[in-house]
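Okay, so chain A shows up in both of these, paired with chain B first and chain C after.
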Partner chain A sequence: MSARTAVVKWTVIAALVAVAFVLPYVLGSYYVSLLSIALVAAILASSINVLAGNAGLVSLGHAGIAAAAGYGLAWAYRQGWDLWGQLGMALLMTVVASVLYGLISMRTRGISFLMVTLAAGMIVYGIAYRWSSVTGGTNGLPGIRRPAGIAEYWQFYFLVLLAFLIVTIALIVVGRSSFGLTLKGIRDSETRMVSLGYNVPLYKFGAMLVSGAVAGIAGVLAVWHSEFISPVAAGFQESAMSMIMVALGGIGTVLGPLVGAGLVVAFQHMLSSVFERWQTLLGVLFILSVIFAPQGIVGGVSDLVRRIRRRSGTPPREVLAVQFHPDPQHRDTSRKDK
Partner chain B sequence: MSGVFLLQQLLNGISFGALLFLIASGFTLVFGLMRISNLAHGAFYLVGAYLAVVTVAATHSFWLGLLVGAVAAAVVGLGLERGLLRRVRGREMPEVLLTVGVLFVIADLVLWIFGGDPKSVNSGNGAPSGALVIGDFTYPQYRLFIIGVTLVIGVALFLAQRYSKFGAIVRAGVDNREAASALGIDIDRVFTWVFVLGAALAGIAGAIGSGLLSLSPTSGTEMLLYAMVVVIVGGLGSITGAAVGAVLIGLIDAFTKVLFPEFAYFTIFAPMGLVLVFRPQGLFGRAA
Partner chain C sequence: MSSASVVSSSPAPVGDEETALVLDGVTRRFGGLMALSGVSLILPRGGRLAVIGPNGAGKTTLFRLISGEMRASDGTIRLFGEDVSRVGERARARRGIARTFQVSNLFADLSVLDNVRIAAQARSSRPRRFWWPIGDRDAYTLRAREMLDRVGLAQRGGDRVADLSHGEQRQLEIAMALVVGPRLLLLDEPAAGLSAAERKVLRRLLEELPEGLSLLLIEHDMSLALELVDHVLCLDNGVPLAYGTPDEIRANPAVQAVYLGRRD
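Presenting the complex of A and B:
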């Protein structure tokens, strides 16, 4: 990346963050709380994205981890525990759920991973649904008030925004660490990493713990937002929706989860008042994006930007590429893989 | 536990297992040949079930309902395979994501058209109903009917796979797709037929299952989940595995519903967890 594009990029990011902090002073409470919902959904989507983007493992059960954390918090709240006790319980449940997910999924990949995480999510759903003496069954656990300091909707928005920024930065760091690079190696060729001596299941287990921690944060924030949790929070619908957010936004991109979450939440809460079949529309949009824009919205847009820039002026890196591969045919095929 | 009660629970388990086999066999057949984890399989169940309910209510013929359900599911399957999956053939993730999208759309459309209230196929209308009574022992005939239908279908599948030319082609495709197509087999056409067959099996399962279980727009994902547990336990791609896994899960489900009702849903996942830890390829699956 040239120095000029770096400057542009950081200016845009700074501007976006500044706008995000100013929004609650401009928008009404309804829209601010919609933004909170979108950001919480984006955090959960990020937890799926860290696995999908780095390790190539697409989960269809992450709502289960988030719900486990949420139930931990809600249960402790109703026992009359203080805030730290509640958060401790949420943390404990997050760890338990992540370890469970990790243990049963660490030897799988691809489709098997997807199916196993789906089943793990349904286990959490089943427990939440059946163990009614603790979880309240279908009725769930209502009346979970937010602690003082974030009780107002705009205070809560700032907390969620901060959480999203921290999570996003932390996941970028994880992705660039040697741990993240090892995961990418596993994604690209598992057999190669095994023969290089890496303990592949252990790395997948570790990735699940990192991802689970993020999902747990989303779970706690979701309960604080709605002041309520029920088995629906762990259901297939919820997990599938989060996965759709990631795939729509763009697997492995930094902004993908946010863009996907924003779009889905807009469909769910704004389009639904005009058009009842928003879910069908979302499904069709998703199918189209899988066929025509497999790298998602963010991936597609950045591809487009790259292509436009290539046409208007050739950056130094492209010149190098041309020098190494003077045969235009060769150059084209190498592009297609990207 | 008396002997009669035990026998009833045993039959409950086997009949539910029979239904699970109908769903899981199509799922595992498609996976074995095409390496597609078709999550839209749950949608085929929904299509078969709702159309059977509507047809039986209108014509008072169970068998016509079964036929319409199976054909409708097969047609939807044909559309999905030819219209969508073909465009992303060979790319594992897009294939699964596509089927998730289709499941989403069909479940929502079903909710729109038929509403969210639970439905079921009217009993009778040519299908066995009432109870079988032998001394102390009474048992619903419909459940025995399910076992019978599944035995017929299962044996037919087995024989077709073992002895028919199409079966040989499918087995060749499972073993080595490239070699099969190099020998002049139109593997794309085989894919389509197997996919349609799997969809029809799910449609039949839906039509029969809606006489046994209550039917709602979420039934699709529930049955899909059962089917997945069955094939994970039995081994992806194996019909024998699907049969053994289905009966095993059916029996576990029936007995734990009586013994530990609080954890009935949970216990079907215990064998799955054990299999994943100790034999990740499933009881009858081949090592990946």
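Presenting the complex of A and C:
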């Protein structure tokens, strides 16, 4: 990336973050609340994206981990525990759920991984539905008030925005680390990774813990937003919708989950008031995205920008490919170095 | 280079400290099909052996058994003095085996540099800054760049693997195998599908392999294989047919009949 491109990129990012912090001062409470919902959904989608984008593992049960964290928080709140106790219980439930998800899925991939995570999500749903003495059954656990300091809608928005930024930066760091590169290797060729000596199941387990931690954050924020949790939070529809957000926005892209979550939330809460069959429109949008931008909206836009740049001056790869054999002199020098 | 001593019936008693690989009566069955039957060999440390034979002779099966990708039905495999017959592929890799694949098995969506970097960090005992973004001056990155330079791909580090020619992908395979610092290198038809110019580059690369590295090579290009090794094992229908120096193999009537197609 040239220095100029980097400056433009960081200026745009800084401007977007600044706009995000200013929005509560110019928008009404309803729209700020919608933004909070979109950001929470984006965090859950990011937890799926870190697995799908880096390791190629598509989960259909991540709402189960988020719900486990949410139930942990809600249960502790109703027991009268203080904030740290509630967060501690949410963390414990996140770890337990992530470890279980990790253990049952670490030796699977592709469709098997998808089915195992789907089953794990359904187990969490079943527990939430059946264990009514703890979870409240179908009635759920209502009346979970937000702590002082984030009780107002705009205060909560700032918390969610901050959480989203921290999670996004953390996942960028993970994606660019040795761990992230190892996951990408697993995504591209597990057999090669094993032949190189990597413990592939262990890395998948680690990836699930990272992903689960992010899902847990989303679960806590979701409960604080709605002040309520029920088995629906762990249901297939929640997991599937999060997966659609990732696919729509762009698997493996940094902004994909946010774009996908923003679109789905806009369809769900704004378009639905003027068009009853909003899900049909969402389906059409998803199909169009799969046909015209299989790498998602963000991936498609990046691809378009890359193509425009290539046309405007960068030498095509074929020209570079001419130099692929080294000159003998160069080889001889490297041999002497040994 | 130490001379390889290989037998195709039962291995001669050689001290464990001198051997890289010992196979004793290794057999592999797929249901009723005998893919490999009673193969025994000793490859001394630093020895170089080519395994040849017509298609279906059991060469790749032999490689898969040695690398641990597949378990032998019978027989034992000793690697650097240790019985690894029941040890998995990952553990054998960590004991010093590196391999290339008959069909290039690379990380297609990653850059050439990242491919070698993944290999470089695979077996390092150095503490890793595992969660920290990878930098240009990172030890693994430097080692990966050095290896790319050695195999002649220094200019292609930033390119995606999918954009490499077939020959370059074979070079990259070898770079990934060498960067881990192996003690035993298994090359499965490294020259398959290469043009004459690319074979020349490959030959030069293989000639420059470190002296102490033990090499097991499967190759259909006889001129390439026989020039790089000191001994050759010829398989036919999963059974050892002949063993000897390259000159002995060239002159062997059984090999000529089965492999080279001459029936005098």
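We adopt the following convention: the second predicted complex is superposed on the first by the 313 of 338 C-alpha atoms of A that agree within 3 Å, B and C clash if a C-alpha of one lies under 4 Å from a C-alpha of the other, contacts with A are read in each partner's own complex, and residues count from 1 in each chain.
Everything below uses one rule, namely that contacts are C-beta pairs under 8 Å (C-beta built on N, C-alpha and C of every residue); 3 or more make two chains touch, one makes a residue touch a chain.
Just so it is clear, the structure is predicted and the values come from calculations on it, not from any experiment.
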| Looking at the overlay, does A:Ala247 come into contact with chain B only (first), chain C only (second), both, or neither? | first
| said: Is A:Gly185 touching anything from chain B or chain C once the two structures are fitted on A? First, second, both or neither. | reply: second
| query | Does the superposition put A:Ser195 against chain B (first), chain C (second), both, or neither? | reply | second
| task | For A:Val173, decide between first (touching chain B), second (touching chain C), both and neither. | result | second
| message | Output check: A:Gly149 vs chain B and chain C. Expected answer is one of first, second, both, neither. What do you get? | response | neither
| request: Considering only touches as defined above, state whether A:Ile287 meets chain B (first), chain C (second), both or neither. | output: first
| message | In the overlaid three-chain picture, which partner chain does A:Gly28 touch, first (chain B) or second (chain C), both, or neither? | response | neither
| request: May I ask you to decide whether A:Leu114 touches chain B, chain C, both, or neither, giving the answer as first, second, both or neither? | output: first
| field | For the chain A and chain C complex, residues of the former touching the latter | value | 173-174, 176-179, 181-182, 184-185, 187-189, 191-200, 317, 320-321, 323-326, 330-331, 334-335, 338
| remark: Residue positions on chain B within touch of chain A in the complex are 35, 37, 84, 87-88, 91-94, 96-98, 100-102, 104-105, 108-109, 112, 221, 225, 228-229, 232, 236, 262-266, 269, 272-273, 276-277, 280, 288
| field | Contact set on chain C toward chain A in their complex | value | 67, 69, 89-90, 93-94, 98-99, 101, 105-110, 114, 117-119, 121-123, 128-134, 140, 149-150, 152-156, 159, 163-165, 167-168, 176, 180, 197, 201, 204, 208, 210
| Can you list the residues on chain A that touch chain B in the complex? | 58, 60, 103-104, 107-108, 110-112, 114-116, 118-119, 122-123, 126-127, 129-131, 236-237, 240, 243-244, 247, 276-277, 279-280, 282-284, 286-287, 290-291, 294
